[in-house]
């Protein structure tokens, strides 16, 4: 729970918002938190949220948007689109396999809500490294790469060895047997020989999206 | 070993150099690697290096500099100072305790060699949080913070909750008993409630310095 | 199961009661235990109990009270309130996040049933340390602090570094990924740099409440 | 390292001193810390210190005392004895085996330096429970018990089931094979069925001594 | 699964029977195995079996008996009682708490089916060691003791320190938090200071019953 | 440390002696313990003892015997042989490899000192199962088997599947890589499909010898 | 997920096909993947697939075959049998217990689909080693052996010590208590004293089948 | 210890020899084993052997050869070269970094002693994947690949995704921090998405060499 207790002024104070981590919370608690957070300046985000939560939130906040694969709700009173990203800089979000996509989308949508341009490179695991290399130009142009992988933690190393920017590894809990719910991917990413790789908690797409946004926005801000 | 096999053109290709990880290598192997890396465009760095290694390298590369606490050798043929950082942006390197300082210096010196301005905030562990808060303005102005802690992995969270920039946590192997050689600090950092914290391997000051440099330099480069 | 086999005379012998740990027990077993324990001098407590258990117990023990968030039943034949605490000394119960509240309430209600004054300081995780510091006077006045946290085990250290009394850390099983069901919080608390912190089992609010009561009551007893 | 960065005013602020954790520190660093800490109001303590460290400290601080088994140095400029404990209340320090004694002495001496009366009950492991029961009256009269055990973590439970006061378990790193350097004792203590047991880090006699002192002194202070 | 593949002649070959481990097997598979095993000389036992399995087996084997708490079915074509134990020697089966009873009954009933006299001493955990000591004469007279405990692995040590016979520890998966599904009890038992304690797998009452029977029967056989 | 605090009357009380676990003890402590234990009725044993310890003990106790591979000293004032075993019953001690022999000898010599007949079957690991089967008659005749193995924990299962007596598995800390200092062997033995296998701590030959002696002596005693 | 992202040309490129790992995928995703993979030259395989998935696939691919115990679907447009294996060489697939059979069948059917002759030797765990030895001639004639075991990881060692060919160990997640979902079997297999044993992920029958096929086919290809 | 107890006829029986694992053995024991093994038909190999051991063996077996980096001694009475490999088929041995080379050489030399052609591809870690791809033709032509890596377990996956032959992963104990002495590499290799990868114990180059030889020789033998 990267975001245990919503704080409306965090966006103003730190440049990124608190989010409502939905699991284990009642609809009522989520509504109260959404109300409280909407007093702040930043976007109001609920993560790991199901469609049922969305339908209830939508009644109180009619402009809300639901990103199904990412399981993210953008809570808004008035309808509207996501902000148009300024400038040409972008974040690359990469996955090893199909099952890693929900976590990758959590990262990508978080970054898009915060005004970043995001390019997705999905299903390029290291067991078919030529597929990854086809995207080398795209990867090289990014200001930051987010790599989500559950079985192939090594993908973060491979990407890290290609690009001239920071890489954020997100281990996912996808896998079976000796994957140990993401622990093996986490360890593989931490042992990366590529010096530009850092890691967030297992399945923490939201955190990766926030960090990628902070890095990508440095160009825009100055 | 964030840097197992030195590659001279990595600096040109990715904007940061390979380093020679000294432990378990003979002086001869280190010399050969230094020769090979010095064909590239970037600085030549040996990490976790003792004074004895320095004395030998110094004979072949008379301009070399030794950073004792950081255990880093900057291998140079001709004498000279570190580059003067351009602009006002800076990296903050923070430690919880005294014993975390060698890892913090590895990060700080790496970043300085790559032309970054670095400010140190040492010995501000969470068991005396008022000491940390005295430095809040300094922390708030940084483009990136590196937090090194062995017993108090939580320091990364506390700093992460204060600053509007990415925070890189470096667990250190300092401690005893249930510290499990840095594992407890690593887990504490991965579970941070502050969404802007990512983590590198235990004791990997070099990696943290590289990532901080990549983030800090974004302003300078554009 | 801090309280596997109820012993009616424990309260007389040790100054604190056995409790009925409800999970995995049939209603019948709980009733029998309640009958047996009510022969002793201390209060009869069932922990981790659902509303269904309460409804059945209430029929046999009409004065019983249910503390819903704490999941505690105080089993009583005759109606009545909790004892009024003597003196001004109090216990502080602190949580990092909203999800830690049930464990915190288990500790708080246990202590209140035993005649202690309890002050609650909830949702003050270390990612927003200023919120914690707003309560510094309250914390400083306590005879004992109980700190419940699942993601931010470090909160125990931060509180431990502020207060002049013993701090009891209760890791909670809240979290995901590398929280490992409370193990990471447990390790973080055990590695605290603040020397006044000790730790109980994951989610063991009852044990923390008992210990806090034993400490707080020392003033009263003499 | 319960005491990573000495803070002279901690004794005034919290009622217990910082200590100098000696391992991994140079004599010079220890001297500097001792100088700095001696500006505060509390006693100056160095833990895990060898005789060589004592001999050097003694030159600068001629009144210093060395507690060999406890590996503690009390750093003092002028000679003198330990404070005479006020009142009759006392702390019991218990060990399972002979090899647990150094950790037990660290706890006992720490408490004695802080003005507490300490009674030692050594070598009463659970494989001969009748030996423990011979000391039941002594245990029952204590305001707090500290139980140190490496192989028999269960001793904390047994003592916890006998006494009407808080019990602080200190797992020790004594043992072999599946003792896993104190981890098994730590887990055994955390799973105690006696609700009055809390636990500190493996081998952390100093922390246990501090907490026991805070509990024992409640009577004295009011 | 102490008994993965039933072998009818094991009883003749080794003096104890194979058993049918029911979980994960279809009724049909269990029936087939029962048919096959009933060709051998020993009793036919199904372990971890629910009432539904019993009802089906009873149709084909009308003399079958069901031991509900032990979750054991004794599969027999013709009705009959358990064998009357020869001689006065007996096995003691001990539990720490109420929740350990199913595993203890699996051990006790297994031994009884094999013709042993069994005496039960339940609910005597180490947090109330006086209750255990009330049974000291009974324990002292046993030829073998089986100790089942989930939270208080130490009970095996305490019993081991009292009796002049082998003690078989059975860790149970009862508990929560840092009990880690029986792992903590397993480690506590392995580290026993009493030299007469050996251990079987978590929850393996059947194995403990077999071993206890082999030890107890040595007198009978000669 | 199966034998933390020597108790002279344990032999009388339980039928087996305390032993002096030598590592981490000074010669003086060992001498004192030997003196104290020699007041009891049973043999005085020091385990994990080097030749230097033997030479010193021999001066005070001139009849002492040293078993070099077993690292056991039998402390005696007057010279003499080991007791002649009564009857024909015997214990089999089995090892998988050469490196497991010291632990096996600790078990064998312990049992011999207690008056048991011991037969050794060494170097019969499961990677050459035909070598084990050559000894099947010998194994079948034993009253108890002790199986010591560091890499091939499975040997305990294989032996357990052959013999009609209890088998005591002793995991040894021999091996490398994923042997994890005996943990893998321990787990393999605990998961044995043979129901007559129980396990002691890693490298605990002494405990295995005691238990085997208690089982083997049942015939003799009645 | 040995086969996260299907790649139609893998069979041509590497001689073995991608497979569709069914868990966590919608029917629609599986259909799309099957369509895509059927453009390649190799067989189209879905693993860990239930009957429901088969019924849907069968409508689109009417020649599909379902291997129920193996949970494998061979996706084919036109009906037909499995290929007849060329030559006499064969793979042996061995299990310790009944519960290991589904994983063993996944390996066996995978190999058969790829044109290999497979011989099954099931239920020959090490607790009854004579049953295994009855099959020694069959095992000796194989070009490769696959050994599946959850409780008795040692079976891989025993087989490895008998046969003159590579042995592939497949730990299965069958078991309870200290089996830790296959981890204990995995460790036992990695520590094998037989030098011809290598290991795949827990429950990875598909991977074992692929490797066995690559080994067995070497004769055929030349 | 893949080779605990040397068996002279293993080479005849299984086609590969026992080896003498040197660590923890006295020179005398090694000599005795060498004598015994030299009665068999296969080569006599001592692994993990230092130069001192070689010098002693050389006196008794004057034709012995020492492979320094591999730490292997080929024990021979008469001088001579390694056998010339028959045919064109070869094994590829690959490493991620320089520090993995000793383990890789153990595998390579083992295979060469057994008459295989070996091609080495060293220092091609995944952080510079283009270096690996330069060797794609060489890798594609191999009958088997051995991949040794301590930090970059993922290299086994990457190679596995390229080649049409079995890949044997050898995790090495090289690394620091969260490499956990090879455990992270082991887990990464077990989770490989490439279905043709199997794994041996950490640092077990000998085992990998034996398996590779068994696979490579299939072509030659038929």
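By written order: A, B, C, D, E, F, G and H. Residues from 1 in each chain.
We adopt the following convention: a residue touches a chain if its C-beta (ideal position, glycine included) is under 8 Å from a C-beta of that chain, and two chains touch if they have at least 3 such contacts.
Predicted model only: the values in this text are computed from it and were never measured.
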Which listed pair, A-H, E-F or D-F, duplicates the contacts of B-C in over half of its pairs: A-H
Mean-CA-position distance for chain E and chain C (Å): 36
Averaged-CA centre spacing for the pair chain G and chain F, given as whole angstrom: 43
Sites on chain F at which at least two other chains make contact: 1, 4-5, 96-97, 125, 127-128, 151-152, 161-162, 175, 177-179, 183, 186, 190-194, 201-202
Chains touching one another, given as label pairs in label order: A-B, A-C, A-G, A-H, B-C, B-D, B-H, C-D, C-E, D-E, D-F, E-F, E-G, F-G, F-H, G-H
Chain B - residues contacting chain A, complex: 1-5, 13-16, 19, 143, 161-166, 168, 186, 190-202, 206-208, 210-211, 214-215, 218-219, 222
Chain G partner contacts - residues on chain E that touch it in the complex: 1, 4-5, 7, 10, 23-25, 29, 171, 173, 181-183, 186, 201-204
Residue ranges of chain G touching chain E (in the complex, touch as defined): 96-99, 123-125, 127-128, 131, 150-152, 174-179
Chain G residues touching chain F - in the complex, by the definition given at the top: 96-97, 125-129, 133, 151-155, 157-158, 160-162, 175, 177-180, 183-185, 187-188, 190-194
